[in-house]
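This is the structure I have questions about; it appears just below.
First chain written, first letter: the chains are A, B, C and D, and each begins at residue 1.
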Amino acid sequence: MQKITEDLARRRAAELMRAGEISCLLGWKKGEFDYDVEPTVFYTPEEVERELVCNVFSAANLSKYLISLTRKAEGRVGILLKPCDSFSFNQLLTEHRFDRERVYALGLPCEGTVDTFLLKERVGEGIYSIKIKDGALEVETLSGEVKEIPLSEVYAERCLVCKSRRPVAYDEMLGEVTPDADEDRFAQVEKLESMTAEERYAFWQGELSRCIRCNACRNVCPACSCERCVFDNPTSGVETKAPSEDSFEEKMFHIIRAFHVAGRCTDCGECSRVCPERIPLHLLNRKFIKDINSFYGDYTAGAEVGSRAPLVSYTKDDPEPGQGGQK
Amino acid sequence: MQRIGVFVCWCGSNIAATVDVEAVSQALKDEPGVVFSTNYQYMCSQAGQDLIKQAVAEHGLTGIVICSCSPRMHETTFRRAAAAAGLNPYMVEIANIREQCSWVHKDIALGTQKAIVLGRAAVAKLHLNAPLTPGETPVTKRALVIGGGIAGIQTALDIADAGFKVDIVEKKPTIGGKMSQLDKTFPTLDCAACILTPKMVEAAQNENITIYSYSEVESVGGFVGNFDVTIRKKARYVNESICTGCGLCTEKCPVKNVPNEFNLGMDSRRAVYIPFAQAVPKVATIDPDYCNMLKNGKCGVCARVCTAGAIDYKQTDELIEQKYGAIVVATGYEPIKLDKFDEFAYNSSPDVITSLEFERLTNAAGPTSGKLLRPSDGKHPHRIVFVQCVGSRCAAAAGKGKEYCSKICCMYTAKQAMLVRDKYPDTEVYVFYIDVRTPGKNFDEFYRRAAEEYGVKYVKGMVGKISPQGEVLKVQASDLIAGRQLHIDADLVVLAAAIEPDRSARPLATMLTASMDTNDFFTEAHPKLRPVESPTAGVFLSGACQGPKDIPETVAQAGAAAAKVIGLLAKDKLTSNPCVASVDELMCNGCSSCERVCPYGAISYVNKEFRMPDRTVALRRVASVNPAVCQGCGACTVACMSGAMDLRGFEAKQIIAEVDAICK
Amino acid sequence: MKRCPLSRLEDLFAALAESYKLYIPTDGEKGSSFTLWSEGAEISRRLNTARPPKDFFFPQSEDLMGFKTHGQTVELVDLRTEKEDFALFGVRACDAESLNILDRVFLSEPGDSYYASRREKGVIFTLACNKPAETCFCTAFGIDPSRPGGDVSCIECGEYLYLEPLTQKGEAALERLSAVTEDCDSAEAEPQREKIAKTVSRLPLADLSTEGFGEGKTDELFSDERWAELSRCCIGCGSCTFVCPTCQCYDIKDFKNGSGVVRYRCWDSCMYSDFTKMSAGQPRTDQTSRFRQRFMHKLVYFPENNDGVFGCVGCGRCVAKCPVSMNIVKVMRTLGGKKDE
Amino acid sequence: MQMTDYKPKIVAFCCNWCSYAGADLAGNNRLSYPAEVKIIRVPCSCRVNPTFILRAFQRGADGVIICGCHPGDCHYTSGNYFARRRMALLFSMLDYLGIERERTRVEWVSAAEGAKFAATMNDFVSTVAALGENRRLEDLRCKK
């Protein structure tokens, strides 16, 4: 199945490039290891045919690259969009971050991507090679052992609770749309909500105190597309660079970051994927999504282009602050 | 680095009694940048202001902090004093140590400590102040009045009298509005036409006034002093400049059964018509919904009879673009639809009518030539029941009607009842009311005359049900004072229907970015202090579009709106509040968040080429604030993620400095 | 050389903890980290900690000094926090070597007293890597994972942990462990070292070499056009920098706390757009030049100024953590030569 | 458990048109409230950036209150509606992070409600005082 999509993607993208429809393609290629799949820009059809990788390791959301690439590249930019990435794509369009006319989007079906940290934990030692089979990964370890790992055990959390596998933006769909995940997206948030304030504080203190302020979450986030982030701007009054001894600055950073993307975050989960300390940052964003849904009615950022985000909108009978959504 | 002077005011004993002013001025001396600190009995006095001037000169101050009463009290005073001393007036910060300190804290130690903290916050903010200069924009010396009723006409006449050009846009074929449909007016009982039509003629003849009748506002752009308005002049299929208003066409037109809206459908007109004899402009209009020529190309009678050759079946809508400095909204009101009031049988009996219909029935130019006859059989009614508050003062839970009082009904009902009794003494007249509200000059006297001299039977209580039975209307009502049910067989029932804003007001408000209340009345900039201005700069309100009102009030507001417009147009340039939003284009993402929260439409977007940090050039979409329109609320500053949007005078870093100083 | 039965590891830790604040790598749900040893604490099963032991000597942020204002006067406040003697157990060969690299930066004149004092107080027990990972490439920098450095070099072999002091500090530390250790022949651990050598030779990155880098390569590599391609998808975050055991760049900032200023330093990353920003702007204005700076520094500038020593120890953290798989291995493969070429 | 001499630090953001005037009215009517309350004047409640609130807590504030015109009465027509949404979400997030929810509050105070202003401040100060010092969002560097 995945192999079919990859072949199709290689063929179509190369065709489009040869026909001059697109000047380059945002896609993925293999890095150093089998699980190490990196985002890249292809400029020739030969590269595409040889190197394009569309599989369970093609995890990176490519949509944000469109901002800089459409500014630089000639002609139309091709992009491969997983369903969840297509929401980011729309959200960026809503915010006028690139010109739709300059982009040709190839939609990809997706059944989930692998969390490589989970995979490595599951394997327990160095990985020599990986073969992707139907529903499982065949892993050869450095010690020469071969282990079969079911994909369901190493799918990323964001994929298990994926909001929709129905792509919302593409010029052309490669393959069939896959059925939606059925796990509750807000279960983890609800679990935290049910704790006492002390327990929640302890939980977040434990998580956020590991933050090293590498900014990977911010820099990878398609909603964090500011020309210049307030945290990098000495005149903003909130510029910070490092975690302080008592971790206030990380709290500030993560609260403000979550607030800035509130109503704009599509829950793509990239923030948590890239966190070198594995802080579940998506739980902050998802809390805002859950609150927005319950306070102001269901809203999915990026579901449609041009929709009015909840924080730039209001009704006269919105709930009062501090009352948990009670009007 | 700023050189800051601190002036602590005693306000006599108002401050000095609970705040140790000497300690405050001493403590603030140690704040960074403070080079001079003193205290004085009355800083707002001339002597106090002189002290400021002197200190500025002596110490080379770049900014001053006044610890005194509320800035709402004397900010302007001290800004002027600063300007007189050669400082930019915005290099002044005020620490409110009276209303928010000495008057509310009784402990001297605590009060003094808080005053010091507030002073520190002001110093911290002042460090980040920048001199601000009010912006200037030119003013187009022409006003637009939307709506040609008495409100619009009066506003236009007053503006024109001051020597400014003014255009009236009226959606109907004639100006005159609701007042032209009225018979007599309370409390003087002079005839509405007699006082209105001269004004209509005056408007038509005033060379400063242009009337666009049968026209509507299509779009509004721009801002105060510089509105760009497109007016759609609907095709009336008659050349206005040629038509003499002789009326021949309206007599010869073969289509005779068109409901006459001027008489509220109680009689008919032709497909080509002039609404009423004194219409302005007195020009015929062809109704395209009924005209055979326009519908199927067969007829052409009017063109044949028109000796002036004014008929033009090929006429099309015309778009007129015009620039205005000010816009007055005078869109007026309409009686509400009574569909939901089945209990009053309005839809089932022709003899249940609204008060406005009653006006037409008693008007000499009305369908009955002024004779009071029942619509059903043309007989003279001998018992008339007036019902007040039909749809006014309804509980929100009722799901129909309006919660507000329509204000004019008590008086016009008294008028109508009185006139019936005067003209037809044999007629029995009942008025059912919740309360009779008569606040106005000579109003209560008028009502009492109706009840006492003219024998109108006022009954406190509501009509529960009206059932048509044969020739009579069975009125079932309660008399709350006598505490009994009444059953009256009436010949005619008149309902004082609530009034609501004209339906054209809502889309217009959107075009003007003017705000409305939940009832679609335009909101005023301040209910007490700026009652004739909309919050949107340059947009003014005249008449019932802002709330129910009678003719004298409407005319008064019309004049007030005109005075505001004249005040605006008299200026060659507008100076605007410099504390407005400003955008750092290098940081702007062009995401539109700010535009979406701006209540004034002050933000637009432009595509601009930028040299990026990596020395490439990129075309980027960035926000642009119109400082003449921005009112400085700051909603955009928080909507902006990148912090590109800031508010002058209340910049993020200034507020943060205050926070820091307070939490120290 | 000494040895201690693996079954008595707990006793060894207890003995160490008597004289030092002892930190050992322990496993958490989200990765491993050096944590303060307490009774019953188990040593990590993972190869290495998520963050290098660099933090113990050069913490992510540390207060340098403070200024307090009193009226119109300013008082200088010493905010230095002195550390007690501490021991790190289980430091891998790569990370141990990274400290030598940091020493070159912080201990060369004028020395950094904050770093120096911590270095002085800390004793490092290294541990040979019995099970290296696919991301390991320390051998490319001449590091032998079976013979780690530090103050005391340890290796697990069979039923024993073998401990060899490499410094005076190490010898002093070992002396305190006499109750749980015994003398042994240094050849006893050899079989394990051979085993490690064999595993290492089979590692996917075993062929990586520093050929083509080092002193004198500035001109040739700086203007190489392939930097643009290499850095194309770099998102400019600092995760590579902040997990790197050898990155040593920092920024000094003032925190105004209302009553004065806390002057602190914190890690900085050459990947950041505001790195070494000056009044005239940033010296490196695009991500490509920032990316190039990072790797040129490790592979060319650092050796040029440090007797040919490279600024990388091949721990593989950046390889594992980069959100978009841009890393030094890719750079070395693209711009350098392979061992066998 | 509450120290008798403990005085919480309270930052109150007041919109210029309603709440700041309401505070002035409280002053005019000599309605007292604790001196721990320090007011920052902003044009509208919609000017209050969540950053300001976090900044206040960082710097040692124990409670932050935002006062604006009543919904529907905003001088700028819609500012407080936006503020209401922003603060509802922000406060919910702070609660989610385990920050005591009583430390933050939004109150609508009109220019005529001097008494309400004073009562609100009295109540808020005693609520925050009962919670004690803010330890969960402070920056220890502020105490150095």
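Assume a residue touches a chain if its C-beta (ideal position, glycine included) is under 8 Å from a C-beta of that chain, and two chains touch if they have at least 3 such contacts.
Note that this is a predicted model, so its numbers are computed, not measured.
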- Query: Looking at B-D and A-B, which one has the bigger number of contacting C-beta pairs?
  - Reply: B-D
- Query: Measuring centre to centre, with centres taken as mean CA positions, what chain is farthest from chain B?
  - Reply: C
- The distance between the C-alpha centres of chain B and chain D, rounded to whole Å, is 34
- State, to the nearest whole Å, the distance from the C-alpha centre of chain C to the C-alpha centre of chain D. 47
- Counting in whole Å, what is the centre-to-centre distance of chain B and chain C, each centre being its mean C-alpha position? 71
- Task: Name the residues of chain A that each touch 2 or more other chains.
- Result: 230, 237-238, 244-245, 311-313, 316
- Note on the structure: Multi-chain contacts in chain B, i.e. residues touching at least two other chains, fall at 597, 639, 652, 656, 660, 663-664
- Sites on chain D at which at least two other chains make contact: 50-51, 55, 59-60, 72, 78, 82, 86, 139, 141-142
- Between the chains shown, work out who touches whom and classify the graph as line, ring, star, complete or other. complete
- Message: Under the definition above, what is the set of chain B residues touching chain C in their complex?
- Response: 30, 32, 613-615, 660-661, 663-664
- Contact residues on chain D for chain C in the complex? 59-60, 139, 141-144
- Task: Can you check the complex and tell me which residues of chain C touch chain D?
- Result: 63, 66, 77, 79, 255, 257-258, 260, 262, 264
- Please name which positions on chain A make contact with chain B in the complex. 71-72, 95-97, 225-230, 233, 235-238, 260-261, 308-309, 311-313, 316
- Item | chain D residues touching chain A - in the complex, by the definition given at the top | 50-51, 54-55, 58, 71-72, 78, 81-82, 84-101, 104-106, 136-141
